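Starting off with a structure, shown below.
To keep things simple, chains are lettered A, B, C and D as they appear, and every chain counts its residues starting from 1.
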Amino acid sequence: MLKILLLFWVLSLQIFLPQHTHAAGKEKTHLVLTGSSTVAPLVSEIARLFEDSHPEIQVDVQSGGSSRGIADARRGLAEIGLVSRDLKENEKDLKAFSIAFDGITIILHRDNPVKKLSNAEIVAIYQGKIKNWEKVGGHDAPITVINKSAGHSTLELFTAYFKLKSTEIHPDVIIGDNAQGIKTLSGNPDAIAYVSIGAAALEAELGTPIKLLPVANISPTLENVQNGRFPIRRPLNLVTQKKPTGWVLRFIQFARSKDVRAVIQEQYFVPLPE
Amino acid sequence: MSPCRSDRNLVILLRLLSAVSGVIVLLIIAFLLKEALPLFQTIGLTRFFSDASWHPTEGRFNIRPMLAGSFLISFGAMGLAAPLALFSGIFSLYYAPQKGARFYQGLITLLAGIPSVVYGLWGLLVLVPLIRKLQAPGASLLAGILILALMILPTIALNAHAALLRVPQALIRGAAALGLSRGQIVKRVVLPLALPGISTGIILGAGRAIGETMAVLMVAGNVVQIPESLFDPVRTLTANIALEMSYALGDHRAALFMSALILMAAVLVLVVAAESIEAKTVYE
Amino acid sequence: MSTVPPLTDFVSTKIAPAKKQPVGLIETKNLSLFYGLKQVLQSVCLPIEAGKITAIVGPSGCGKTSLISTLNRLTDLIPDCRISGRVLFEGSDIHAPEVDVIQLRRRIGMIFQNPAPFPFSIKKNICFPLREHGIKDRKEQTERLETVLRDVGLWDEVKDRLTQNALTLSGGQQQRLCIARALALKPQVLLMDEPCAALDPLSSAVVEDLIAALKEHYTIVIVTHNLAQAKRISDATAFFWSQNGMGRLIEQGGTKQVFEAPQNALTAAYISGVRG
Amino acid sequence: MNRLAPAKNEGFAGFVLWSVAAFIVAVFAWLMADILIHGAAQISWDFLSTAPEKAGRRGGILPILVSTLLIMGVCLLAALPIALGTAILLAEFTPEKSAFGRMVRRALDVLAGVPSIVFGLFGNAFFSVYLGLGFSILSGGLTLACMILPLLIRTLEAGLRANPARDRLAAAALGLSYGASLRHILLPGAAPALLAGLLLGGGRAIAETAALVYTSGYVDRMPGSLLDSGRALSVHIFDLSMNVPGGDQNAYASALVLIVLLFIVNVTTAGIVSRWRKTGLAI
């Protein structure tokens, strides 16, 4: 009995281990990229293209917020961190490489009759001073405020632009990824959220019932982000701990090259100027 | 059993293997402590309760809202699930027709194995919209309580069933021979005797409720606040760890490990409580 | 088991020793047995002669089973079980550190009250202990299998279904299989703990005859409740009695003498009580 | 056996109990029906045999199934020898009431009660970061192995203890070494418990989410080795339902697959245990 068990155990081990050595034998190099949930979907697409032309490379992308991108790049858990904002003063030890630009805008459910909100109204809603859509020209319905959880640069840029303190915000729901915010909002017609323009435009195109609102009367279009008129604008960065070399460098160069412009535009982000 | 000579190697091997399981327990505690200790040394324990708010990236570490969330959700769920589970046990043992009881018990066993993420999925897509119709935003303390109650109900029901089953048949037959009715036997004989076992089951269920992460995370809204009504969203300690772990650094990360330690301590207390009750069981 | 320890420290107890004690194959010297704090045997001095059947009789709970379990050190398996005094087998202390308990048990076989065949085939029940004791030769295994099954009179009953599960046999057959299993290891001594108690009268008679027949080749110690049986088959009898929950050896000697001219009043009362 | 004669005047208690049972059955029927109806519409061979596309909105779950099974395999392979060794030591060499036995058992009780997210933290800190395994199937499987250890040990210990004492004595009386009686008698006797434990542990491993998010990670492609990150089925359901607009249908379908897997595990366990009990035949 013990022998059967042992045999079984060893056999199963055999099944598991070869894969492992096999892969090691082929020397497939892994690049691990983690961080901003805004950048992650875009980089995943870029990675797919990169893998197509370099089959010996495997690129793993995991999201979790820009802070994670910074943290993992510093700790060496990721070769490249994804950060959807400029580096802060205390992050200047890292090297940043922009690959595209994005904006942050307010989104509402498609069935919400409200067409636009002034900056003051948005601030009041997020501070909990306006609690009903009636006050801003909508139905008589309580407003569900969706906020990003800490560690996401979308939150930081949003609060910075509207001069809100994170302690003043009284959210009803906390979300992590852009997609989670869009999903929560699409299921709740009385909610308000702010997300990456790229993510929102892509979802709207896929048929998710949301709409993008202008900020300070500027429509959230790619054009307006590109020409700098849209007020909440940010770069999407790849960051590394050291000066990139080898495959990391090649990936960064690829992500900044003309080859990926189409992908970036498909995802409703603004490519680097030519 | 004193092993004979040829078994000495075997015993050494066994000792080694079981040492591994002991080491795992120690490792878990050691690693939680190791990660949490830096923060504990710099700010001490009191600031987890006295700080103004939970903004760990800005150095404010008040975990009271999460403690409240965990406490309210778990106890709410226990309050709903425990009586139902007890009734369910009594029903399937003493009231259901034989075949029905087998089916019913099989169903409960099956339900106990359903992953929490499936309960969470159902809660998110069915329950939360229903509650939203009652009062926005839907994802709330109430949703958390209901889903968690549903989730732990089968487990407690199985425990209660097992505890009732352990009441010696002879006593029940004896009571029946005295001409007591079914209701009287259950109330006066079975329940008092099974009470320690049932309580143990309920306490262990509470442990599971406090530790549950995914189902609650999916339906409770995750806003850090002490709720004022059942319809307010809340965040539990476990959800807080799951949500913030991905980007937590330095003191923030340490604070999350600290809350893991608090969870461990709570579970330890519950286990010891359950064991001391179990030890009082008269029969067996 | 080569060194023979000195026997000089042996002091006889006051309880009814046999008149002339030949040195037995097995001897207990001042043997006391404790389960935790509870003492169940007190200072038992019992010689067991080679080539004879020794019956151990007495009321329930007087430590008979505990006693024979010490003879092959099966008490080792019981947690908190402690022994004082000595058990000599061929003159050596079986508790001495250099004793290999495996070899000891191979030479002193044991049969239990409830037949305990393993849930394997009849053949495997007998052959796998042989394999474990280093007898790997298939031919020898098969030979021994047939020999011992013939010895216990089971061969004709089971020769066509050796691969069948042993648990499908009747109680009496199971018990005989267990005896055969013990015999296959070629022991010197067989310890039997009420081997007939769990059997129906018919099987019981068959097993009893078997035991009587085995006397020729083996030294047998049999615990029994059945005084008539003890009288029928045994050469020597030891009578145990429980005082304050503690088992003591009251009287021992030739079966004839113990049954017909008991020297101790307790023995007399017990034997006559059962008679009357 | 337990069914007692009803008395005439206890209609109310009976009514309450029947309605509680009916309520429980109804709620769970609702839950199961919801998942069954929504999920069944999506499930096809294609769903099971293709990779997810568009973050899981389209396509299937093949790599996710593979990752799930690999994680479960690593978990069981790692946990089995440790659990077996500990269970044998506890059941055979440690008296039930001894101080050592009580201590080990309490430690295991605590381990069993540790919330899975805490295992996730530990796994992340120890396997992923400290041992440098990163986000990988190996990290996830080993974390789960720690998690199911108490369950496995307890099932195995109970199985070993359930061996009749007479078999143990009979083996010893035949002069069998402990190793031999373990091989030939005790382990075969505990085989149903062993199998049940493995299946239960596997079931727990498939169902787990929280412990995996920070150990085996999110990557939803086909894993090339055990050091690759792999997304487990439950993590997939979580991600689809929380983070992917339009992912609900596939979340339902994945949930249905998961439930069916667990159902098979449950039924197999129950079947094996009852069959073993009936025949009483071990190997």
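To be clear about the criterion, a contact is a pair of C-beta atoms (placed from the backbone, for glycine too) under 8 Å apart; a residue touches a chain by one contact, two chains touch by 3 or more.
As the structure is a prediction and not an experimental result, all values here were calculated from the model.
Novice: Enter the minimum step count from chain A to chain D; a value of 1 means the two chains touch.
Specialist: Shortest path length, in steps: 1.
Novice: Measuring between mean CA coordinates, which chain is farthest from chain B?
Specialist: Checked the centroid distances; the maximum from chain B is C.
Novice: Based on mean C-alpha positions, which chain is nearest the centroid of every protein C-alpha shown?
Specialist: Checking distances from each chain centre to the full centroid gives D.
Novice: Quick one: chain C and chain D, Cα centre-to-centre, how many Å?
Specialist: Roughly 48 Å separates the two chain centres.
Novice: From the mean C-alpha coordinate of chain A to that of chain B, what's the distance rounded to whole Å?
Specialist: Their C-alpha centroids are separated by 34 Å.
Novice: Please work out the Cα centroid separation of chain B and chain D, and write it as a whole number of Å.
Specialist: Roughly 17 Å, centre to centre.
Novice: How far is the middle of chain B from the middle of chain C, if each middle is the mean of its Cα atoms, in Å?
Specialist: Taking the average C-alpha coordinate of chain B and of chain C, the gap between them is 54 Å.
Novice: Multi-chain contacts in chain C: which residues touch at least two other chains?
Specialist: 76-77, 79, 101-102
Novice: Residues of chain A that contact two or more other chains, please.
Specialist: As it turns out, chain A has residues touching two or more other chains at 176.
Novice: Send over the residues of chain B in touch with two or more other chains.
Specialist: 1, 4, 6, 246
Novice: Which residues of chain A touch chain D once you look at their complex with the stated criterion?
Specialist: Listed in rising order, the residues are 1-3, 5, 9, 12-13, 15-16, 19-20, 22-24, 28, 30, 32, 41, 58, 60-63, 75, 77, 176-177, 179-180, 182-183, 186, 203, 206-208.
Novice: Within their complex, state which residues of chain D touch chain C.
Specialist: Touching chain C from chain D are residues 95, 98, 164, 166-177, 180, 184-185, 188-189, 280-283.
Novice: If we count contacts the way the header does, which residues on chain B are in touch with chain D in the complex?
Specialist: On the chain B side, the touching residues are 1, 3-4, 6-7, 10-11, 13-18, 20-22, 24-25, 27-28, 31-32, 34-35, 84, 87-88, 90-98, 104, 107-111, 113-122, 124-126, 150, 153, 157, 169, 172, 176, 181-185, 204, 207-208, 210-214, 218, 238, 241-242, 245-246, 256-257, 260, 263-264, 267-268, 270-272, 275.
Novice: Which residues of chain C touch chain D in the complex?
Specialist: Spelled out, the residues of chain C in touch with chain D are 72, 74, 76-77, 79-80, 101-106, 109-110, 112, 114, 116, 118-120, 128-129, 132-133, 165, 167, 178, 181-182, 185, 191.
Novice: Would you pull the chain D residues touching chain A in the complex into a rising list?
Specialist: Residues 54-55, 57, 70, 73-74, 77, 80-81, 84, 128-129, 134-135, 182-184, 187-188, 191, 194, 217-219, 224-229, 242-247, 283.
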